[in-house]
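In what follows, chain A forms one complex with chain B and a second complex with chain C.
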Partner chain A sequence: MTIQSTRAGARDTRARTGSPGPRARRPLRQHPALIALAFLAPALVALIVLRLAPAAVALWDSLFRTSLLGGTQFVGAGNYLDLATNPDFQNAVGVTLLFTILINPLQVATAFLLAVLYTRRAAGSKLWRSLVILPIAVPPAVSAVIWSVIYRPDGLANAFLDLFGIPAQPFLTSPQQSLASIMVLLSWIGVGYWMMFLIAGINDIPGSYYEAASLDGASGWRQLWTITFPLVRRPLAFVLVADTVSNLLVFAPVQILTKGGPEGSTNLLMYDIFTRAYTLGDLNTAQAEVVILVLITIAIVAVQFRLLKSED
Partner chain B sequence: MKRSHLLLAAAAAGALVLSGCSSASESASTSGTVNLLGPEDPATFAPVIEAFEADHPDITIEYTQVPFDQYSNTLQQRLGAEDDSIDVYAVDQPNLSQLAAQGFLEDLSDLEDEARAATSAAQFDINVYDGRMWALSIWNSTQMLFFNRDALAAAGVEAPSVAPAERWTWEQIVDAGRATQDAGMEYGLLFEQVEAYYQLQPLAESLGGGSGITGDEMLTVDVTDDGWQEAMDWYADTFESGLSPRGVGGFQTSPVFMDGDVTFFVGGPWDVGRFASDVDFDWGVAPMPYFEGGEVATPTGSWSWGINTASKNADAARKFLEFAALDAAGNLATTEATTIIPANSEAAAEYLPGLEALGGEHTVGVADLVTYEVENTAVARPVSVGYVQFESAMNRAFADIRNGSPVASRLDQATTQIEDAWSKLR
Partner chain C sequence: MAMQLAGTRRTPRRWVMRAFTAFAAAVVGLAFLIPMWWSFVNSLRPGDETFSYLNPLSWQTFFTLTPTFENYAALFDTDLARAIGNSLFISLVTVIVGLAICATAAFGLAAFRFRGRGLMFSVIILSFLIPFDAIAIPLADMFRDWNLQNTFFGLILPGLGNGMAIFLLRTFFLAIPEELVEAARLDGLGWWGVFRRIYLPLSVPALIGAGLMLFLFQWQAYVWPLLMGTDRDHIVGPVALSNLQGQFAVDYGVLFAASMILILIPLAIILGFQRYFIQSVSTTGIK
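Right, the complex of A and B next:
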C-alpha cells in the first residue's frame, strides 16, 4: 500500500511540474488510494467472496448445532468439545499427523533425487523424466481405481511380489498396510509433479559452479550437497509447503479405495469431514472440524517456514 | 454440466409458469407443469411421462436428474430452502422417515387403501412413518442366489433348485462352495454388495438378530445380540477361510462371477440381463439362502415418490404420482427403460415374465421366485429417522469385519458410533 501511494504521489508531482491537466481529472488524482482500490477491487472481491466469507461462515456455523428434530441452537464451543472426546476424530487426527510426517519428507526427498538424476546428461533421461511426470495427466479418481485393481489380493502387486517369492500381501485390507499403500499411490501421482519444480530450480544453477568445484576436486556427492542443495532451497521450500498442504487435503483415494478403513487406519481428516457433513448430516460439527484442519495446516506450515528460515 | 444448467433453467421457467397459473385461477390447479426430481437418467422416466401427458394434456411433466451421489445432499438443500420448483421427488426408501420428520413430504394418508391394494405389504409399510403414509412405492427389489452350474457339476454337487420350498441353507452353500474350491474353483461365495447393509441385514434377521434398530422411537441400536454376533461370525469366517475374496470392492464383484471365478453369487434382478448377455458358462438362479433352523429373510426396497410440501401445484403432482404408482400401466411404464421390478403388484405380474425370458433357460422360474419373495420373505430396512447414520456406520463395520476385525468389539464400536451420531438428531 505504502509503495503504491508513494508511486502515485511521484506521478502527481511529475504532473504538477509539467503542464496542468484538465480540471475534471484533478479530484481523482488527489485520491490515488481510490484509484488503487478500484484496480484492486476485482481481486479483493474475489478474496472476500471466495475465501474470507466462506471461512467466516464455517467459523460461525461451527458454533451452532442443528438437529433434525430439535432445530438450531447456539452451542458455543460445544462442537469442538464433542470432537475432542470423539474417538473417531481423535483417530483421524492421529492418522493425519502420522501420514503428514511420513509422506512429505518421503515425497520431497524422492522428487529431489529424481530431479537430480534426470538433470544429468544421460541417455534417455528426458524420456524417463516424461514417464515419471505422466501420472499427473491421470485424474486422481482414475488413478485410485487403477490402484484398487493393482492392490487386489489377486492383483498385479501380488503377482509382482510372487516373482521374487514374496508371499501375497493384504495391502488395503490390512490396518497395518493400508496407509502405506495409499502413500505409494499418492507418491506415484505426486512425485513427478513436484520434481518438475525442482528440475526448473536445478537448471537455473550456473554450470560454472560445478566446473569450478570439479577443478577443486570436489566429488559428485560433495557438489550435490554444497552446490545443488543450497541453491534449490527456494523451490524446495515451495515444494515442501505446497506438498504438505496438498497432502493434508487428500480425499479421493480414501473415498474410492478404503472409505477410511480398515479400522479407521486411513481415516484422514478430510475424509472424516466429508462423512460427518454428508453421510452423518452433521454440518455444524463438520465445520468445526474444517476450522481445526485449517489451524493444523497453518501450524505445520508455520513450523516449516521457521525451520527453513533458521537455516539461512 | 451444460445440460444440468439447461434443466435447472427449464425447472425454474416451469416454476414461473406454474406460479403464474396458480395465481390466475384456482380451477387451474390440475394443470400446468409438474417438476419431478430423481437420480435416474432422463431416458428412464420418458415413457411414464409420455404416457401420463397423453392422458392429461393440460399437465406437463419436467424431469430433472441429480446424480445419485449428490442426490440426498441436493434434496436437503433445496427442500430445506422451501424450493417450490420441486413438486414430486424420488425418495430413497430408508430416508423416508427423515424427510417426513423434517416436514418435506406431503401427508398422503388418504390414499392408504389404494396403496395397500396396489403393492406388497412390505412395500406399503415402508412408506409409513409416525402412523401416516408419506410416499408411494414406485420400484421394488429382491435378491437371489446365482450359481455356476458347470463348477457344481465338476465338483459332483447337485445344483440348488429355483423352488422356494427347496431353499438351501447357508451351511449347504458353504459346504458346496468348499467342494467346488477343492475341485479347482477360485472362490466359493461372494455377495454383490459385500459391505452393504441392504444385502447383509437378512443374515442377522435369519438368526433372530432383528434389523439392528429397536425402540418406540426407532432410535435404539441393537447390533450386539446373539443373532448379529453369530451372523457376523459366520460372515467373517467366509473371508477368513478363503471361501470369499477380501479386497474386491463393491463395484468389482459381479465381474468375479462373470469371469467364472466364484461358484455362488448373491445378486439382484438387474444381474439377470447382464449375465444373460455376458456369461459364457452354464449358470442358474435359486432363492436367497437362510441359516439352518432360522427364519427366511430376503432384502427388499427401492425408490418411492413423494410430494414436496412447498409445491404450488400439489393437485397436479398428486395426479401424476397416482398414475406412476397406483395405475398398473403407469407403474409398468417406469420400468420400460431399465431392469427393475415395479412396486405395483399388477405391473409386476406383467413385467416379471419378460425378466424371466431375458435369461432364457438359465432363469426358468425366476418370475415366480421374485413374486414369492416379495410377498412372503421380504424384510424391509428399518424405518427410522436415524437410518442414514446407522447404515453408514454399519457398512464400515461390515468392511472391517470382512477384513478380519474381531466381531464382538467391532459391533460394540459401531454401536457407540451410531449412538454418538444419533445424539445429534434430538
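Right, the complex of A and C next:
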C-alpha cells in the first residue's frame, strides 16, 4: 500500500490514502523521462494514431462537404444541421434511445438478480452459474447467426412457444418484435458477463452483516434490499455505465439480421452511420454522426468515472 | 422463548427456500445453455435435419443418437476453414506483439516518476474512453489512404495498442516493491533487464489477463474486418460466417459447425485461464 501511495499519479482514478513516503533521494533516476518515454513510445504512437487521430479526423471531415465533382467545401455545422432534419437520422436516434432505455435496465436488473441467485448456497449452484457465463465466449456476430436460425418461422423459438400453446411469432420480420428479438440475443451473451462483476461485489460483502441481520429477524427479501443492494451500488453503477456504452455500439446483429428494418425499427445509430458512409456514400455526414456518437459515449464514461470517484 | 419459536418455524421454510433456489438456479442455467447446446447438436446432424425435430419439441430436438462429423469435415471445402485460420493467425499475432507493446508501456508508467507521466496516463485513459467501433469508420478511411485494406497488417494493427490492457498491467506493476528494483539497479541491471527479469516474471497472471483481452478483441471483431473489405484470402471467421448466413441456400449443418468452432476456441481459452480472466475483468472494471 505504501508503495502504491508513494507512486500514485496525481490523475489516478483511485483515491489513495496514506502520506507520501519519506524517500526523497533517487540517485538512480537521472533521466527517467527519456527512458520511460522509450518504453511508452510504441503504445503511445499506436493509441494516438489508431484511436485519437480518427476521432480528430472525423471531427475535421464533418465540417466539410465533398461534391460529386470532387471539390471539397467548408460547410461548418452544415452536416450537423442536415442530420438534424434528416428523417432517417431522427428515426435512428429514436430507435437508439428506445433501445438504450429498455435494454440497459433490463440487462443490469437481470444480471443483479442472477448474481443474487447464484451467490445463494444451493445444490449445483456453481455448475448452473457457469452455464450462464458460457455464452460470453460467443462473438456477437456468431450469436446473431445462431439466433437467425432460432428465430426462423420454423425455428426453435416458435417450437418453444408452441409448447405453451402460443401461436408462431414473426420475431425479426415484425417491426414490433424485431428490436426486442435483438435485445434477447444480446442479453444471452451479455448478462453472464455483467453478472460476474456483481457476483464479485456480492462476495465482497462480509458474511457477518447477514448474520447480524438474521439475528435481528430481517427476512431474506429485506436483507437483499437493505444490505446487498446498497453494498453493490458501486459495481452496479459501473456495470450500468459500461453496459450502456457497449449497447450504444451494437452493430453486428443489426447488419446480419435485419439491415435496420423492418420499417427502420432496428436502425441503431452504429448501423445508420455504416449505411450513410458506405451505402449512401455520404462520408462527411457519416463523420458528423461518428462525432455525435463519440461525444455521447465520452459523456457516459465521464459519468462513470465521477460515480466511481465520488464513492471511493 | 420467542427466539426458539422463530427458529423452529424457520427450518421448514428454509428448506423450501433452498429447494426453490436450487430449482431456479438450474432452470436459468439450462435456459442459457439451450441455444448453444442446440447449435452443438445440430452441428453433429446433417444440415437438412436441422428443423426436423422442432414440431413438436421432443428429446430428439436436443439429442442425436447418430452424431456425425461430416459438417466439420465439410468446413474444409468452404472458405470458412481459411477464415477461421485467419482469425487465429490475427489473434495470435495481436496477443504476442500487443503484449510486448502494452507491457513496455505499462512498465514506463509504473516504474518511473517523471514530469508528464500524468499526461501520458491521460492519453491512455482517453484512448479507452473512445470505443474502437465508434471510430472504426474514420480509421478505415485513413487505412484506405495508406493502402492497408485487404492486408493482415491492417487487420492486426488496431488491436495492438489496448488502453485497457495497459491499465491492467500498470495496476499489477505498481504493486512490485520499489526496493527490489533499486537493489537490482545497484547490482548493475539495466532498465530493460529490470523489465524482463523482474517485472515480467512477477506479473504472469496480469500478462495472461491482458493477453486474453487482446485475443478476445480480435476474435470477436466484426465491424473492423468488414470495413477493411477483406477478400477471400483475408476474410475472418465471423465475417465469413455471416456471409454464409446471408446466402440463399444455407447448409445449416456447416453453419452450426463453423459457429461451434468460433465459440469453442475462445471458450477453451477462457476456461483454461478462468482465474486470470476474472481477475483481469475485475481489475480493469471496478478499480
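The rule is short, and it goes like this: the second predicted complex is superposed on the first by the 241 of 312 C-alpha atoms of A that agree within 3 Å, B and C clash if a C-alpha of one lies under 4 Å from a C-alpha of the other, contacts with A are read in each partner's own complex, and residues count from 1 in each chain.
One rule holds for everything that comes next: contacts are C-beta pairs under 8 Å (C-beta built on N, C-alpha and C of every residue); 3 or more make two chains touch, one makes a residue touch a chain.
The model shown is predicted, which means the values in this text are computed figures rather than measured ones.
Colleague: Counting only touches as set out at the top, which of chain B and chain C does A:S174 meet: first, second, both, neither?
Modeller: A:S174: touches chain B, not chain C.
Colleague: So, A:F39: does it touch chain B (first), chain C (second), both, or neither?
Modeller: second
Colleague: Which chain, chain B or chain C, ends up touching more residues of chain A in the combined arrangement?
Modeller: Partner with more touched residues of chain A: C.
Colleague: Could you look at A:M196 and tell me whether it touches chain B, chain C, both or neither (first, second, both, neither)?
Modeller: In the superposition, A:M196 touches chain C alone.
Colleague: Once the structures are superposed on A, label A:M270 by its partner contacts, choosing first (chain B), second (chain C), both or neither.
Modeller: In the superposition, A:M270 touches chain C alone.
Colleague: Which partner does A:V57 contact after superposing on A: first (chain B), second (chain C), both, neither?
Modeller: second
Colleague: Looking at the overlay, what does A:V303 touch: chain B (first), chain C (second), both, or neither?
Modeller: It touches nothing on chain B or chain C.
Colleague: Figure out whether A:L81 sits in contact with chain B (first) or chain C (second), or with both, or with neither.
Modeller: neither
Colleague: Based on the superposed arrangement, let me know which partner A:A122 touches: chain B (first), chain C (second), both, or neither?
Modeller: second
Colleague: Could you say whether A:D154 touches chain B, chain C, both of them, or neither, answering first, second, both or neither?
Modeller: Both partners, chain B and chain C.
Colleague: Using the superposition on chain A as set up above, list the residues of chain A that contact both chain B and chain C.
Modeller: 148-149, 152, 154-155
Colleague: Across the complex, what residues on chain C touch chain A?
Modeller: Counting only chain C, the residues touching chain A are 6, 17-18, 21-22, 24-26, 28-30, 32-36, 38-39, 50-51, 54-57, 61, 100-102, 104-105, 107-118, 120-139, 141-142, 157-158, 160-161, 163, 166, 174-178, 182, 185-186, 191, 195, 219-220, 222-223, 226, 237-239, 241-242, 244-246, 252, 255-256, 259, 262-263, 266-267, 270, 278, 281-282, 285-287.
Colleague: Could you list, by residue number, the parts of chain B that touch chain A in their complex?
Modeller: That would be residues 73, 76, 98, 101-102, 186, 245-249, 252, 385, 388-389, 392, 395-396, 399-400, 402-405, 410, 416-417, 420-421, 424-426 of chain B.
Colleague: Which bits of chain A are touching chain C when the two form their complex?
Modeller: 3-4, 6-14, 26, 28-29, 32-33, 35-40, 42-48, 50-55, 57-58, 61, 114, 117-118, 120-125, 127-132, 134-142, 144-150, 152, 154-156, 158-160, 162-163, 188, 191-193, 196-197, 200-201, 217, 220, 234-235, 238, 242, 245-246, 249, 251-252, 255-256, 270, 273-274, 277, 283, 286-287, 290, 293-294, 297-298, 301-302, 308
Colleague: Can you list the residues on chain A that touch chain B in the complex?
Modeller: These residues of chain A touch chain B: 65, 67-70, 86-88, 148-149, 151-155, 170-175, 257, 259-263, 275, 278-282, 285.
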